[in-house]
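First chain A sits with chain B, and in the next complex the same chain sits with chain C.
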Partner chain A sequence: MSNYSVLKGPEAFLPPAAACEGVILPDPGQGLITGSVAHEDLVMEEAARQFLSAKVPTIFPGPLVLWNWNETAAKKATAIKRLYDVLKAHNSSALHIPMPDYRPKYPKINPEIEINPNHPNLTIWHNKIDVCMFVGVHCHMANLSLKIIRGGTDCYTIAMCAQAGHEDAMLTFRDATPEKINKLADTVERVKASGNFAVNNGSA
Partner chain B sequence: MDSKSLIGTFNKKGQKIVDSDYLFYEAPRERFFMTGSEVVREAIRRASVDVSISYPITPQSEAAAMVGDLWVEGYVGEYFRGENEFAVMSECAGASFGGARVFTTTSGPGTLRAYENFPMWVGSRLPIMLNMMVRGVNSPLSIQPDTLEIGLIIDTGMLIWHAESAQDFFDYLLKGFMVAEEPDVHLPIAICIDGFFVSHTKDDVYIPSADLSLPPYNPYRNPMPCMDMEVPPVRMMRDPFVMKSNYISYATQASWQQETRAACERSRKHTIRLLGGLIEEENTDAEILIISSGTAVAQGREAARLLSEEGIKIGIVKIKTIRPFPYEEVRQATKNAKIIFVPEFNVAGWMAREIKAAIPDNHRVIAGPHVAGGMTMPPEVIVEEIKKVLAQKKETLHV
Partner chain C sequence: MSKERIKINQEFYDIMPVEYQELVEEGTYGKEGRGWKDVGESKELIEEHSLCAGCPESIAFRYVLACLPAPEDTIMVGSTGCTSLVFPHVAVHNIHSLFGNQNAVASGLKRALSYRFPDKVKDVVVLAGDGATVDIGLDMTLQSWFRQEKFTTICFDNELYANTGGQSSGLMQKGFVAKMAPAGKKFDKVPLPEIAKSSGCHYVVKMTVSKPNRVEKAIREAILVAREVGPTYIQLYTPCILEIGKQMMEGLQEMRDSEGPNKRFEFEEYVSDEARAYLDTVNPKKRKRKKAIVTK
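Up next is the complex of A and B:
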């Protein structure tokens, strides 16, 4: 059992990988909140609260859902668009910024239109993003980004992973499907309707 | 296509593709008496390997040639000989980048000639299986067993498992593919055996039917996209990240390395399930322990038996995985020990260093006995070492 908590940064000049601090990825039906295992329904509710209480909630869709390369990708993209619409209806500052590929952007990225895994902090700083969700990003690239974000920004990170999840995010889902993304959108709407979405975030 | 959807179907060789757990734990097994090289042939026959590339160096030559036979028989998709070991490992990378399940073998100086590729495989998250039949690497040249070679690859970032016996070897080869290819791991894996002692010695091995095969590798679960000159790591290797001197480049490079180490850590969960733990323990309530990996464990076990006849109780800890190293397991297993012997088939004593780094009060660790260069380690040598130390410390022990 790890004593390490995956909290909002800025954490360190070079923060550790959470897995090397003993954080273990969840089993099916579970997720992680700040590195601790929780039932997926609780993780849904916490993600909803984070989105609803954010000043600039943002979704970062990656190549696996941006390109129409199979039927599931298209369905996921539709579900992500719906989640974005739900967030936008609640908060007009919500953003939807793609990670279309992983090429380092030289000489300069345009942070208003894209995010890059090698220097994700530039897009987060520029847009003052305080809660973000990665979806459709290859796992290695997502972990790379999530750790850099934790190291240098105060952004709360959520990972909607199609594989085993991401311990370097503050909150992670695993085995993402279009249905799971739609369920998250439903949960955001439900928690919003309840009016109770205050969060208490620690920091590193 | 999802590999699991192929379970129950038949591959082009007519083998039934079965769930890996069924192959490992439920399928009936038959007893065979075979060498380690023959074990490679029978494991790879059941492993749905797409590509194997070889280069001859003793003692792995025979195993590599037998995999060539499998290609002739239709069990392996592609097989060819590389120009040298560096070329072999580079070609393996190309095949793995392209989405193939890849297997190769090497030994001793061949491992070192190929060395540059291993951290590259890791950074590129290529789940290549490398069978290392370890032997001497230094001058004067020796083709005989020596485990120094394992110590030299410890920090490449690869998963490293060390088999004690032919049975371990067969099981590790097949289970290694499953762990290495998990999307949260997705790293190369070195399955090591002690050259000649395991590769050329016949032993009992229980293996399932050759009519069964592992599910094929599913490259769509890769945590990295397929190779593309514009996409990292290739793009990074050819321009900005190695050429630029700025914080972003450094931070990305460092974070990238951390992620590969994290992937190795994640393999613990899968490995513990498939291997039944990262270590095996026998009588670890004893005050005297022998800890090692590979065939040094077998010799240690026999030494413990000899000492038990004299009323001296010895515990045994067998380390199965060198990377990830079973730090917590070793700490727990050694909590009662007053003296810990670490016999090794190399002069460097890398296993003793690992154990010293893992446990409190590491003055308890006796780094030895050591043999090298092809020497055997008779159990009597371990017994003699233990008795020598006990004679010095008998006032503090209850043996």
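Up next is the complex of A and C:
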């Protein structure tokens, strides 16, 4: 069992891969909070607290949900939009900024309206984002983004992964489905109603 | 087919950057008779390129993309070189291969696509520089032609290794002195179009990109022949203005100066009998066109 915690950065220009520090991926029904395995319901509540206590909570939808590939992608888009609407109702500064594709755009992206996996820190810095969630991003590009963000920013990262999760996110889900995204939106509403969403984030 | 493949989920349409909205609304995917005249009229499949200002390769790239008969069903294979700087900005499926491997990768890709999509036409187009096509990748280039692999090979011939400082390449003209070839090229320009003919290519064109309508015809016919008959090859002169000491506005004139009678890029077209018969069935009227210089 690893003692390594995946905390908010800036950790270093090139932070160590959490997997190399002993962080393991969760099993089905579980997630990770700062690298530690936890039941998915607890992970939901922690994600809700992070979103609700953030100054600029942001969702980064990727190509797998931005484009209408199939019925599941369309349902996920609907669920993500609902989650965004819940966040926006709580905090008018909430954002959803797309990652339409992975091209290293030339000469540079417009960080106000999009995020690119090759320099995601530009969008984080420009919009002063302190909590973000990636969803619908291919895993290798999500890993790249998460490491760059942890290395150079103090943004709290959440990964809503359709596969096995991401060690380099501060909080990760696995096996994302439209139902799971809707459940997260429900959890945000429930935690908001309870009024108890203070968080205590460490830093690297 | 076509634009049905690239719908944006309605929940996110308003937050998508405008270039993606334009691609969906004004892109020429699935358009019958698409061609170079769409450049400037419709959304191009190349966003912004990272080549030098005035680089003839950039306009060649735009023509090629505008003239693909079915971009939504095309996969391009690139290789190391200036072309590989552009592919990241292209809205057509593409693969970057290791330097010189492009025709080997395209061979496997074409075969895999024919198994995976037996009822669909999938075009594979190799686009690489002269170093990848003629020097480092000559083995793979020729072997794919010998095997009669059904895809098109396009060589952007700038007659040297441009983005590494101007080393001599096999397609450099004899005696030419470049920054990193101070003693001058020692042997003749490799006659790859001639080699392509004798290696089994059914459609071979050598030309500059100074005349876009001619480029359009060559690209379209090469891809159609590759679908049904066999390998095709197009060699386009895209001079590196930096390495030959030209200004950014002089690229077009350099191409015009190089395509006159008996110049090294005088237009040449070879069409095998089989390919000619096929093209006559595809478009019989257009094939009764003005005579080009046809070599057999």
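Keep this in mind: the second predicted complex is superposed on the first by the 204 of 204 C-alpha atoms of A that agree within 3 Å, B and C clash if a C-alpha of one lies under 4 Å from a C-alpha of the other, contacts with A are read in each partner's own complex, and residues count from 1 in each chain.
Methods note: a contact is a pair of C-beta atoms (placed from the backbone, for glycine too) under 8 Å apart; a residue touches a chain by one contact, two chains touch by 3 or more.
Quick caveat: nothing in here was measured; it's all calculated off a predicted structure.
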*Which superposed partner A:67 touches (first chain B, second chain C, both, neither)*: second
*Determine, under the contact definition given at the top, whether A:20 touches first (chain B), second (chain C), both, or neither.*
first
*So, does A:113 touch the first partner chain B, the second partner chain C, both, or neither?*
second
*asked:* Once the two complexes are aligned on chain A, which partner has more residues of chain A within touching range, chain B or chain C?
replied: B
*Name the contact category of A:164: first (chain B only), second (chain C only), both, or neither.*
first
_Quick one: is A:104 in contact with chain B, with chain C, with both, or with neither? Answer first, second, both or neither._
both
*Could you tell me if A:144 is touching chain B, chain C, both of them or neither one (first, second, both, neither)?*
first
*asked:* In the overlaid three-chain picture, which partner chain does A:10 touch, first (chain B) or second (chain C), both, or neither?
replied: neither
*asked:* Need the overlap of the two footprints on chain A, from chain B and from chain C, as residue ranges.
replied: 103-104, 106
_Footprint of chain A on chain B - complex, ascending_ = 125, 182-184, 186, 221-225, 230-232, 235-236, 240-241, 244, 248, 251-252, 254-256, 258-259, 261-263, 265-266, 269
*Going by the contact rule at the top, pick out the chain A residues touching chain B in the complex.*
14, 16-20, 24-25, 63, 101-104, 106, 118-119, 138-141, 143-144, 147-148, 151-152, 163-165, 167-168
_Residues of chain C defined as touching chain A within the complex_ = 6-12, 15-17, 20, 47-50, 88-89
_So in the complex, the part of chain A that touches chain C is made up of which residues?_
61, 65-68, 73-74, 77-78, 80-81, 96-98, 100, 103-107, 110, 113-114
